[in-house]
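In what follows, chain A forms one complex with chain B and a second complex with chain C.
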Partner chain A sequence: MFLQQLVNSIVIGSVYALTAMGATLVYGILRVLDIANAGAYAVGAYIGMAIYALTGNLFVSLIATLIISGAIGICLEKFIYLRLLDKPSIVPLITSIGVFIFIEDLLRLLNGPYAKRFPAKLPFSGIQLSSVSIPATWILVMVVTAVLLFILWYILYHTRIGLAWRATAQDMETAKAMGVNINLVVALNFLLGYGFAAVAGSLIGIMYNSISPTMGDTPAYKMLAIIVLGGLGNPVGTVLAALIIGLVETFLGGYIGFFLPRDAIAFVALIIMLLIRPKGLFASNNA
Partner chain B sequence: MILQGKDIEKSFGGLKALNGVSFELGNNEVLGIIGPNGAGKSTLFNIICGVYSPTKGSIHFEGKNITGLKPHDIARLGIARTFQIAHAFRDMTVLDNILTALGIDEYNGIVSMFKLAKKSDTVESAMSYIELLDLKDAANKKAGELSLGMMRRLEIARALALRPKVLMLDEPCAGLSYDDADEFINLISMLKGQKISIMMVEHNMNVAMRACDRLVVLNFGEKIAEGTPNEIQNDPLVIEAYLGKEE
Partner chain C sequence: MYGIVVAINVGIFAILALSVNIITGYAGQPNLGQASFFGIGAYTTAILAGKYGVGFLPSLIISGFIAGIVGLLLGLASLRVRDDFLAITTIGFNFVVVAIFQYVPFFGASMGLSIPPLKLFGYPVGYVGLFIIILLLMLLVILFTKRMERSWIGIALVSIRNNEEAAESLGIDTRKFKVISFGIGTLIAGFAGSVYAYYMGFIMSYNFQFMTSITILSMAVVGGLGTIAGPIIGAIVLGLAPEIFRFVSDYRLLIYGAILILMMSFQPQGLVGDGSIFANIVRKLRPKTSGVDQ
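Presenting the complex of A and B:
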């Protein structure tokens, strides 16, 4: 039972990590709380389903989801966020909420308000280890998340653009003086940020075999709790915070779920965190 | 002559921060820009580095017009800068700070951006800048943990890692102790030996007099004098600007 819960929480936590990573990256560079990133989550689920229906290839559909949603992210960046950077930070925040609502309603208009199925056939089957059963979809979620987060970590800590990203996150003016082309860094940021959230949406759609226009609602709020816990704009902190929330939700949810809904736990954690450590569990000191 | 400004004018709203300032920086020369507070020194500095574009006038680097180019383009051409308030990447190690600068030629290409940043020869060349500025013991410390003097040295090491032809220093001695400032002047003469032209904005007269070959004096956005430290020291207009007119 314990092991089963543990696996369960890792699956939940890894999806949270992937979902919150986009907002973390955007906040890290632009200091904008990007609620619209959770829109990419729902968009990704629909794009993933459409391409899967078209090609029947799961791998292709996930990659295409990442790229198409990433391109949408770049468009939002170029046409909206970059133009609002010199405004008070409340302006891009409200804008991103508006974009999020727009995306949800656009999906509703295009696809109808009801949930649709996302029946993906996986090329492998689940595992049964004595008392622990791991369905194939869970394995898919864990593997895809691990691969994407590893690629991100590798880019951030081992490549030129990663150094440039971290430098830009700390001090944009100085990064420019180092010859860093901020436009490229920010574009890559949105490509990966929106792409990751979209893949997370696709994975959740596959896992629950259900997608709907409003599926980004809860992730939008929960993402906020996670990126604050993770130290706002700290990618490693976000992964840890996501896993912690996954664990707490799964284990506590089993015991106190009868009076506190599972989805509320992240926010209780957020409130406690803001009271005792407002910079988050894994605050970096560049804020 | 490597860097030249012609009749630079800059207005912010109705306020003229610079009014027809020209300067020339010779090869392997150390040129100081001095003047009282609000004289326009930092504005001139930021115009050269591409932070602002001038309202009128032009900047030429090695004969090329670079007026209005973006900061990252200017850095890539070979004009490196430091900041008045130390701007190290505080959460990154000293080594990573230098590695960031060493990537300067590769931040514009979609493919070259993904090159590995920590190949052994790159790290080696980063260490050479770290050793040059005597920061070896701190190489793996986070920049935020350094003392102000060390952070300034880190900034200079990082600027040198851009392999510039012109080094722009914005009040490099502000806040430094007397000894640190002394060490800085030695550093400047060492850099001159490495064929780097230096332009520095300096508030500290003592440092400017000792470190620079030539000085340009600004007051209220206009150039009021230009010459060797000796000439400047005895220029009545300069004395007036700093000390006020004798009754």
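Presenting the complex of A and C:
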């Protein structure tokens, strides 16, 4: 039972990590709280399902989801966010809420308000150990998340563009003065940020075999709690915070029993943590 | 009948937009959880009037003060966390409050709470009477905000918003004024919640969700933060938008989202804020009485 819960929480935590990574990257560079990123999560689920229905190939559909949603993210960045950076932070925040409402309603208009199925056939089967069962979809979630996070880590810490990303995250003006191609960094940021959230949406759709226009609602705010716990804009902190929230939710909710619903736990943890460590659990020194 | 219901709704949201304007507009503290104080006011009234038969005025006042006290506590939290952290803390606060309303049996849990019809001096008060009460309350809030704008509190608040370090170096205790602004803004939201409870007759946690907080803040931002006319105009524009666009009712949320994006992209200071198209027209139309022009 304990082991089973542990596996549950790791699966949930890894989806949270992938979902929150988009908003973390956007915040890291632009200092914008990007609620619209949860829109990419829902969009990703629909794109993933459509392409899977078309091609029947899960791998192709996940890659295409990442690229198409990433392209949507780049458009948002170019046409909306970049113009708002010098405004008070409430302006881009309200804008991103507007974008989120717009995307959600567009999905509802195009696909109808009801949940749809996302039945994916996986090329491997689940694992059944004595007391722990791991369905195939869970393995898919964990493997895809691990691969994507590894790619992100490699880009950020072992490539020139990653170096440029880290420089820009520390100080955009100085980075620009040093000849860093800011436009490229920001574009890559949105490509990965929106792409990752979209893949997370697809994975959740496959895992629960259900997608709906409002599926981004819960991630929209829970992701905020996670990126704050992780120290706002700190990718490594975000992964740790996501795993911790996954653990706390599963064990408080499923094991001990808690008077509040599962989805409120992240915020109770957040408020307690902020009062003790106002800069986040894993705040980087320059934050 | 239909008109008055719309008017009551717009009136309540105008008061709420004015209330969040004190916190976000004047003191510059992001608050995305104003609906929770609206809810605390409404639930206090529902419990007082519904369970204990307390009359209108005591219910209204107690509701306001309870919301205000909780607001002061959140204001204290705002001393520890700033800007984006505070924005997310207020979102989190909203979710926790709604979760408590929804899961604790004392607050009716998922069944909600009902409120007896409003009576004043033994006579039932209809929609028109309720609307008059809302207008009076709104007038009080406007007068109060005007006074506050001109008093030392207002000056201190605006200086916090513009440059906190400079304000501190001039000897203004920014901590005190931030907490005060939270207390006042949430107190007003509590009043609005009390009236709302009487108007609805039945409330559920659903009415006070995060989305409601967004609606309230959007109204203040779209109208123009830091002004008195702005939040009221914002409440009228965004409050009437769903009614005006009823003929395309299926696209209402889509239009709402688009309005927010377009407004923020082209008029981020709001409809009547400094330097907006509307403010410029008013300035040009106004005859020049003094030689000084900003």
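What we mean here is this: the second predicted complex is superposed on the first by the 283 of 287 C-alpha atoms of A that agree within 3 Å, B and C clash if a C-alpha of one lies under 4 Å from a C-alpha of the other, contacts with A are read in each partner's own complex, and residues count from 1 in each chain.
In this section, a contact is a pair of C-beta atoms (placed from the backbone, for glycine too) under 8 Å apart; a residue touches a chain by one contact, two chains touch by 3 or more.
These numbers come from a predicted model, not from an experiment.
> Scan A:N181 for contacts with chain B and chain C and give back first, second, both or neither.
first
> Which touches a greater number of chain A residues, chain B or chain C?
More residues of chain A are touched by C.
> Once the structures are superposed on A, label A:T55 by its partner contacts, choosing first (chain B), second (chain C), both or neither.
Neither partner.
> Could you tell me if A:I161 is touching chain B, chain C, both of them or neither one (first, second, both, neither)?
Only chain B; A:I161 stays clear of chain C.
> Which holds for A:Q128: it touches chain B only (first), chain C only (second), both, or neither?
In the superposition, A:Q128 touches no partner, neither chain B nor chain C.
> Is A:F102 in contact with chain B, with chain C, with both, or with neither (first, second, both, neither)?
second
> Would you sort A:N209 into first (chain B), second (chain C), both or neither based on which partner it touches?
Neither chain B nor chain C is touched by A:N209.
> Give every residue of chain B touching chain A within the complex, in rising order.
For this pair, the touching residues of chain B are 49, 51, 70-72, 75-76, 80-81, 83, 87, 89-92, 96, 99-101, 103-108, 110, 112-118, 144, 158, 162.
> Under the stated contact criterion, what part of chain A meets chain B in this complex?
155, 158-164, 166-167, 170-171, 173-182, 184, 188, 284-286
> Chain C touches which residues of chain A in the complex?
Going through chain A, the ones touching chain C are 27, 31, 33, 80, 83-84, 87-95, 97-106, 108-109, 221, 224-225, 228, 232, 259-261, 263-264, 267-268, 270-271, 274-275, 278-280.
> Inside the complex, what are the residues of chain C that reach chain A?
Touching chain A: residues 24, 28, 30, 32, 77, 80-81, 83-85, 87-89, 91-93, 95-96, 99-100, 102-104, 210, 214, 217-218, 221, 225, 250-251, 253-254, 256-261, 264-265, 268 of chain C.
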